[in-house]
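The structure under discussion appears below in the form of structure tokens.
As written, the chain order gives the labels A, B, C and D, with residue 1 at the start of each chain.
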Amino acid sequence: MPATTATRPSDELSRDQRLELFYFARLTRDIEERLALLYRQNKVVGGLYRSLGQEGESVASAYALAENDAVAALIRNLGSVIVQGIRPRAIFAQYMAKGTSPTHGRDLNLHFSHIPNGDDGPIVIGPISTLGDLVPVMAGVGLGARMRRRRLVAMTYIGDGGTSTGAFHEGMNFAAVQKLPLVVIAEDNKYAYSTPVSQQMAIPRIDQRAEAYGIPHEMVDGNDMLAVYDASKRAVDLARQGAGPSLIGVDTMRMRGHAEHDDMRYVSKPLLDAWEARDPITRYRAHLIETEVATETDLVEIEAMSRQYAEDEAGLAEADPGPDPATVADGVVAGGHFQPSVEIVRSPFRVKRGASRHTQPTVVHP
Amino acid sequence: MAKTTYLEAIRQGLAEEMASDDRVYAIGEDIGLYGGAFKVTEGLLNRFGAERVIDTPVSETAIIGAAIGSAYLGMRPVAELQFIDFVACCFNILTNFAAKSRYRWGAGVPLVVRGPCGGGVSGGPFHSANPEAHFLHTPGLKIVEPSTAYDAKGLIKAAIRDDDPVLFLEHKLLYRRVQDEVPEEDYVVPLGQAVVRRPGDDVTIVTFGAMTHTALDAANQLAERDVAIEVIDLRTLSPLDYETILQSVAKTNKVIVLHEAQRTGGIGAEIAAAIAERGFEHLDAPPVRLASLDTPVPYSPALEAAFRPSVEQIVAAVEHLVEY
Amino acid sequence: MAKTTYLEAIRQGLAEEMASDDRVYAIGEDIGLYGGAFKVTEGLLNRFGAERVIDTPVSETAIIGAAIGSAYLGMRPVAELQFIDFVACCFNILTNFAAKSRYRWGAGVPLVVRGPCGGGVSGGPFHSANPEAHFLHTPGLKIVEPSTAYDAKGLIKAAIRDDDPVLFLEHKLLYRRVQDEVPEEDYVVPLGQAVVRRPGDDVTIVTFGAMTHTALDAANQLAERDVAIEVIDLRTLSPLDYETILQSVAKTNKVIVLHEAQRTGGIGAEIAAAIAERGFEHLDAPPVRLASLDTPVPYSPALEAAFRPSVEQIVAAVEHLVEY
Amino acid sequence: MPATTATRPSDELSRDQRLELFYFARLTRDIEERLALLYRQNKVVGGLYRSLGQEGESVASAYALAENDAVAALIRNLGSVIVQGIRPRAIFAQYMAKGTSPTHGRDLNLHFSHIPNGDDGPIVIGPISTLGDLVPVMAGVGLGARMRRRRLVAMTYIGDGGTSTGAFHEGMNFAAVQKLPLVVIAEDNKYAYSTPVSQQMAIPRIDQRAEAYGIPHEMVDGNDMLAVYDASKRAVDLARQGAGPSLIGVDTMRMRGHAEHDDMRYVSKPLLDAWEARDPITRYRAHLIETEVATETDLVEIEAMSRQYAEDEAGLAEADPGPDPATVADGVVAGGHFQPSVEIVRSPFRVKRGASRHTQPTVVHP
């Protein structure tokens, strides 16, 4: 376990970065609220999987990456790809199965990739539905990076449920043996669909999974954004130094059902209330004011900006056309015309993170 | 008799077998308190308790492995895969351990692996699989897919009573859309028997699952044009009921094999090849396969509609055959 | 030109591609110091170093997963499965992650998954698999199986240069038993092209891998009785070269599809069905499938001999067809 | 980790049991030596996988089981099925693919089962070649036993290599969550085929794998038969009491190649020599004499008996007929005539172990 250093990595965050963190968390929530609205309007195709209550950990962990690092999100890690610059419109388009989406309507929600050539932009690897597979795949991204002499770090996420898969085990162990630059955020959000963590694992803390692999691990309060950032940054730094993978357990709570159709009857009200009181965004907001990083006015302004942006982007995506059925068989193997792309955007804070060359954003947030 | 949904029929069949045979138990992800992602096992936990309705970690290989081991001790497990697509995660232990056990040692594994299959609901590339062809090639493993509520109940009961592993495919499009009369009394639909859903002299359509209904829709349209389609619903996909198929082809002399999985290497290949090999003299036209495109299952409704076989395609294929 | 074994040809092909393209690397169990269970990768570690010849834990899903991830970063992994049977352990990540990636996102995965397949060496139920039919039904995945040393080298090079995942099946019976002339110069055998190994007018045998040699043996015997067999060696199993097959059938009008995997649901089904569908007018007799029995692969030599297709069976099938 | 108790379970072993342990270890080695001879004579069909140097741990761990418990051996755990009473002739017949073998020539070496009806005999579950699968399957045996109200314990083995498989992980975790009566013997024998343990896992001790599952584990000297017995007995007792699974790491060495064809070039001579000096049978033999449990004469007699028995059984199996090819397609599904069986035998010591009803042996060792 990495020793807790006296100075925390987050101590080095600039004011803009602190505000940007807040903005990203808000934007994540606003996008999802907008999606929930679209879902109720029957405009979302298929299910909607929310990260309500977990936005903080997805955002803060990914924020520890350099701009050109690689991240792979699961359905509940919208925040991490927003941090890496995926344009919200792409997310809306995905959920509405639009032809303009990063998969041109071929796959759902966060199931898309962005893999720029060379070192000029963030790498986003989309999941497949099968839980666990992203761990070996992201280990492979780390392996590939090492072979290509790129000092990037690969970060991915796994739920409490996902840690029970064989793929998780094989990927973690391989990364450990090969000392790959991989950071795995293991989210104890109390449930896997309806299954409580106690029926998923017989260990008190999710990060203990890492003991089997001999890699550093620590457990953090997942609803404390700066704590998540600190642990993630330490792990990212270790990985970048060639010290191999780490696992960070985050203690958090899934505040909605598995998907919107799930009424969560199996979750007790007191449990939800307790976590409601620990909402990561509310807490971070209060912290920003307490520490005088921002005034109430500053934050209200950011909130308004975020909400408006989410709304605008949703509107754009809504107006987008569906995919052309004539293209359905194209691009199964090389040689087709299917060449989707995702727009990478900069937040209004235009903050630079990490050491790599930075992105040329095609669009800047409003 | 009451009208019962396909889903309710499966639940009934499972519950009845659990009630009448205490070796039968259910195991899977979220099947207990939650009642399963599609609620097929709803109520079973209350009725049979947590020892016989086991919620597992997200571990398909452990689910099937544990089921196999318990079967060696005399139990009759019914394992649910949340979506049948995840059978890919236990492909090894199912095809290598369960299916080969009897042949190697004489130890049968009376295991049912059930789960929702099929598309048409915008499930995308990982929640729409029709995996029968991946398992047809596995001696020792049976495959079943009902198209009606009556069959769903009779087949799940037969599958549970069977002494060998059975992959039980439940088409999710049918769960709540199909309902029919299901008797109260105990009955089974024996494995290995196809059924003629609609008799006809002109062209045979061999199909199963949700496509049975699509074929019947096409047959209705064609009847208006005086073309008489015989629709065969296979029900059991392994072993195949070649007899019923060949009998029909001997009568109609023209055949379409229709399925929802992708075309190449699909179960339609086996059926068409068998017809060509064993019914050659009866064929007045090439055996035609209609299936989905050779792509992953696309998510958008417009794309998926272009991907799956449609009534229009069936009608066109029949017309082509009639004129042949 | 030097006579080179099938095994050595694969090694050469792999080494040449690694030498000419530093994105190509090898990954698998015991492939480094030990040189692989069958010694296909012998010498590569010394030549290319441990970074490009990676010994892994016993983790097939990690091997394929890591290969996929590295491919996204621009590498071209060649993953060895110690026996191809263990592909069952990475079935999910190979068929769902690697094969569907391009269709979903446009990100191709230039991955070769290679390993020893096939029986005839008393490998028993878990070291004798011919798994092509399990993967034929996976759009996005190519399948290759050479029968000669020349093709082995040309095909492995083509597979490595291909921008999509390729399952490269090496028949272990041929590793050291087959040798032929292999040029020193760089060449590839393009994917997707079958070859006529022996021309003939009477009956076409469509086959591949080790069975190519069995078919040629049968053809030799039959030649003595003035029956002229055309032997087609598919080489690439997905996508299938239907053209070459149909051309031959148009000439001979009679066809046997021969393979070593079990009969039901085998690749022979696809080929026979396609012939029946597209070559119906050319057929003077039913398309016949010859394959192994529908059982797990038995271990004892006597049982395995009874299980696999033999020259005698082929001769008998041809005689039956000739008289048809 | 179970506390090391002052009194060791092995303290309670009777003289006959101590001698029987020796006999089983010797018999295991003698059977394999005989197999090696048959292999050189080309009478073994396929490969020969030896447990030379590891006989002690297979025998001593299985010896902690009650007679009607369930064991599942991997290729290198011949000793465990010998302890449970599998007749040596069956082993020879398997290796020579005889029609009289427990699989009638359909599968290799230790790939066979013995599953008596009800509670009247030891349960042996054979492996498939795919490593790892026995863990979930034996978890299932424990689950089935519990549902059938049988208090049996399921024991299985896994190599250092095998612990890297996803199946191992899923099975261990499931057993832990369900508190199943499962004992897993994890064998660090330094290599998985040619791969050293350091390339297999990044942990110093194999038993640390168990930390991910929250189950008791300990590491023992695998070449100290009584130490293995002690740890196994503690784990078996825990399991039988309903306290759930345990994992025991055994520190040992594979003294031959992966199979007989493998010349082990990758293993250093000094390493082999060091382990040669720690041979488990030699050590246990010396211990028996030192502790005056047996005299040299006693042991020589047992050795002669064991050798002779192995030879006789090999001879019987050699004379057995091959399988009838006409039966090849029989018994793929229920309804065939294929009903193989295995003879269960008693050692000449006729010692009773454990609490369950005992076996009716059909044959007694010579």
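The definition used in the following text is that a residue touches a chain if its C-beta (ideal position, glycine included) is under 8 Å from a C-beta of that chain, and two chains touch if they have at least 3 such contacts.
The structure displayed is predicted, hence computed values, not measured ones.
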Taking each chain's C-alpha mean as its centre, the one farthest from subunit C: A
Chain pair with more C-beta contacts, A-C versus C-D: A-C
Centroid distance [mean C-alpha coordinates] between subunit C and subunit B, Å: 30
Centroid distance [mean C-alpha coordinates] between subunit D and subunit C, Å: 37
Euclidean distance of C-alpha centroids - subunit A vs subunit D, Å: 47
Separation of subunit A from subunit C, taking each centre as the mean of its C-alpha atoms, in whole Å: 41
Overlap residues in subunit B, where contacts from two or more other chains coincide: 56-57, 59, 61-62, 85-86, 88-89, 92, 96, 100, 103-104, 125-126, 139-140, 294-296
Subunit D residues counted as touching two or more neighbouring chains: 103, 106-107, 111, 128, 130, 164-167, 170, 173-174, 177, 199-201, 332
Subunit B contact footprint on subunit D (complex, rising order): 102-103, 106-107, 111-113, 115, 123, 125-126, 128, 130, 133, 135-148, 150, 154, 166-167, 170-171, 173-174, 177-178, 331-334, 338-340
Residue ranges of subunit C in contact with subunit A within the complex: 25, 51-52, 54, 56-57, 59-75, 92-93, 96-97, 100-108, 139-140, 142, 162-164
List of subunit D residues in touch with subunit C within their complex: 45-46, 97, 99, 103, 105-108, 111, 128-132, 161-162, 164-167, 192-195, 199-201, 266, 322-323, 325-329, 332
Of all residues in subunit B, those that touch subunit C in their complex: 85-86, 88-89, 91-92, 95-96, 99-100, 103-104, 125-126, 133-134, 136-140, 238, 240, 261-262, 264-278, 280, 283, 285-289, 294-296
Complex interface listing, subunit C residues touching subunit D: 29-30, 33-34, 37, 55-59, 61-62, 82-83, 85-86, 88-89, 121-127, 293-296, 298-303, 305-307
